[in-house]
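Heads up, the next two complexes both have chain A, just with different partners, chain B and then chain C.
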Partner chain A sequence: MNRYLAFFKKEIIEYIRTYKLLIMLIVFAIFGITNPLIAKLLPEIMKNLATDGFVITLPDPTAYDAWTQFFKNATQMGFIVTLILFSGVLSSEYSKGTLINLLTKGLSRTTVILTKYFSMVLVWTICIILCFILTYGYTVYLFPNDITYNLLFSVFCLWMFGLLLLAILMFSATLTKSSYGCLLITGIIVVFFMIIDIIPSIHKYNPISLVTDNMGLIMNSIKVSSLYLANLISVLLSIIFIILSIVVFRKKQL
Partner chain B sequence: MDFQTLKEYLPFLIPLIILEISLSITALVHVLRHPHYRFGSKVMWILIVLFIQIIGPILYFTIGRGEE
Partner chain C sequence: MNILEINQLYKRFGDHEVLKGLDMVVPEHSIFGFIGKNGAGKTTTIKIILGLLKADSGSITVCGEKVSYGETKTNRYIGFLPDIPDFYGYMNPLEYLNLCGEITGLSKDIIKAKSEELLELVGLKNDKKKKIRGFSRGMKQRLGIAQALLNEPKLLICDEPTSALDPIGRKEILDILLAAKGKTTIIFSTHILADVERICDYVGVLHDGKLALSGTLSEIRGIYRHDEYMLEFNNETDAAIFEMLEELKQPSIQIERRRNTVKVRLADPNLDGSFLLNILAQKHLVPLKFNVLEPSLESLFIEVVK
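Up next is the complex of A and B:
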């Protein structure tokens, strides 16, 4: 347990020293503030864009628009920034050879993988909570009368998909030596999830539904119970990917 | 945009501006104190960090920063 804590501390200090934590926090805080703002300003912007004879009318913005922005930004830019920042999770250690010392002193490889995964999860959790609180606060301030449903569950689904994504990232980091290869493999696996989503009967089991059905949940057009299976499968897949990455990492030549 | 609308959005703009400026300043300090980059020169990174909001400093910390 002590080793886990010591290595965990090292990881967190690394995130602070390499400014990864700072960037994650600031990016997610900026998203959190701009989500409701863009929702509020979009009709104004469209009005200014309209030239003569060409009028774009948009309905008055509601809290749904703010949450649409939230889920759009978090699932696109949010995930991209997270993955790019964490893509060097093992490759930077390989290239500098910093792990060799620790491993020869008796630190187990399982500890390395688990601690690295959980420290990434911790940073992701803090960031998504920060983004959620800011968006929630400003949305309530701007659109006080709108009712949203299943908000917490919807964000929970997003968080759960983040856990899966980080597990996939961890697995691909053990497969390759470079951070670009790691990003590439993660991308391929996510695209694979998106492609099999074309088949409607799989959608219920596909983890990607955790990030595509959020707006339906908030508008109450999709039942909460329809996502339980996807959540369960996402947890199982995360565990499988972590176990696989431990297995691969144990055999890996450093 | 007249002053009244600007005033309405101040609670959004102030934290946003603070965040952007703090990101720029951290990146700028780092650029000046660590003169080794993976590519590009000091002047290029100073310009990127100061004039491309949000994306510039992130680019610097993710791909531009050299090894210590």
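Up next is the complex of A and C:
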């Protein structure tokens, strides 16, 4: 347990001193603040662009627009920034040989994988909570009368998909020695989820529905129970990917 | 007792067979010079000892315990200094040693006391609060020794610790290793023979996947000693007289003169230094110096590796 703690401390110090944590916090804070603002201001901006005889009519912005921005930003830019920042999770240690030193001191490879995964999960969780609180605050302030449904569950689904994505990233990192290879494999696996989503009967099992059905949940057009299976499968897949990472990493010649 | 025993170790990378049945024994409290050309397989051997690479076949024991690949328990006996050590640049030496200590499972007080002591030993006392990012190669090498000695290992493995350093840095590292000798056994891989001659008492030469030569330095020199002598005379006349002596005109004797020094090589096993001394006495020639020539490690190395 002490080794987990020691290595965990090292990971956190690394995130802080290499500014990874700061970058993540800033990116997600910017999203958090701008999501409702963009929703509110977009019609105004469009109105100013309109000239004589050319009328752009947009419906009045609502809280839904703010949350649309939230889920769009988090699932696109948010995930991309997260993956890029964490893509060096193992490759930076391989290339410099920093990990070998600790492994020869009796640090187990299982500890390395588990600690690195949970450190990433911690950062991801903090960032998504920060982003959510900021968006929530501004949305309530700008659109006080709008009602949203299943908001927490919808964000939970997004968070859950993040856990799966990080587990996939961890697994990819054990397969290759470079951070690009790691990103590539992660990308291929995610694209695979997107492609099989074409088959309608698979959708309710497919983890990708955790980041495509969020607005449906909020508008109450999709039932909460329809996403239980996808959540369960995400958890199982995350566990499988982490176990695979450990198996591969333990066999890896360094 | 032997700290390290390697039996019939084989390892190949693709078509390239690096180790072909390596046998090696390192006795306790020695400094073992592990010599070999670049690419001879020194680093591969070390990585297998540390459980970082998997051997194709063969066995290794450290302190009587078998080394297993992957999760390597025997590493608790070992301190390791990689050839180009690199540490987390965003930490300072104290923080890094603390991390190493916690991973090794030392208590807080011991880590603190040992860190201070080791940083003093390796001469990084004044840099202990500086970020490792700004360290020179020599400083990283010294921090490498400090972290390797932190858990008081029974076996310290240094992979070419001096290869990339300037002469002063090299001397410092060698001095630190000599100072550590009392507490631990050291395996020291290198291709710089002068370093080996300076600090090692056992030598093993890795060539063609096997230990081509091993033993104490003097044993090895004994095996490879040719009966070669160097005589230095007062002046060139004496030297010339000696060179022209009838007694030395034999096919088994090679003579070579350079001004007032004469080099004699005796290939006949019945002849030795006393034969030369007898002749000198008979002829009333008194040399300034009479030297038995020791083979240099370099000439041995070249002979073995040829």
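What we mean here is this: the second predicted complex is superposed on the first by the 250 of 254 C-alpha atoms of A that agree within 3 Å, B and C clash if a C-alpha of one lies under 4 Å from a C-alpha of the other, contacts with A are read in each partner's own complex, and residues count from 1 in each chain.
Keep in mind that, in the parts below, a contact is a pair of C-beta atoms (placed from the backbone, for glycine too) under 8 Å apart; a residue touches a chain by one contact, two chains touch by 3 or more.
Note that the coordinates shown come from a computational prediction; the quantities given were computed from them, not determined experimentally.
Judged by the touch definition given at the top, the superposed model places A:96 against both chain B and chain C. Legend: residue contacts after superposition of the two complexes on their common chain; A:84 is shown touching chain B, with no touch to chain C. Contact with chain C, but none with chain B, is seen for A:250 once the two complexes are overlaid on the shared chain.
Of the two partner chains placed by superposition, A:147 touches none, neither chain B nor chain C. Of the two partner chains placed by the overlay, only chain B lies in contact with A:34; chain C stays clear of it. When chain B and chain C are set side by side, the one touching more residues of chain A is C.
In the superposition on chain A, A:232 makes contact with neither chain B nor chain C.
Once both structures are placed on chain A, chain A residues 18, 96 are touched by chain B and, in the other complex, by chain C.
Partner chain B is touched in their complex by these residues of chain A: 18-20, 22-23, 26-27, 29-30, 33-34, 36-37, 81, 84-85, 96, 138, 141. By the touch rule above, chain A contacts chain C in their complex via residues 2-3, 5-7, 9-10, 13-14, 17-18, 96-98, 100-109, 250-251, 253-254.
Those residues of chain B whose C-beta lies close enough to touch chain A in the complex are 9, 11-12, 15-16, 19-20, 22-23, 26, 30, 54, 57-58, 61-62, 65, 67. Within the complex, the chain C residues that touch chain A are 47, 50, 52-54, 70-73, 75-76, 78, 80, 82, 84-88, 90-91, 95, 99-100, 102-105, 147, 151.
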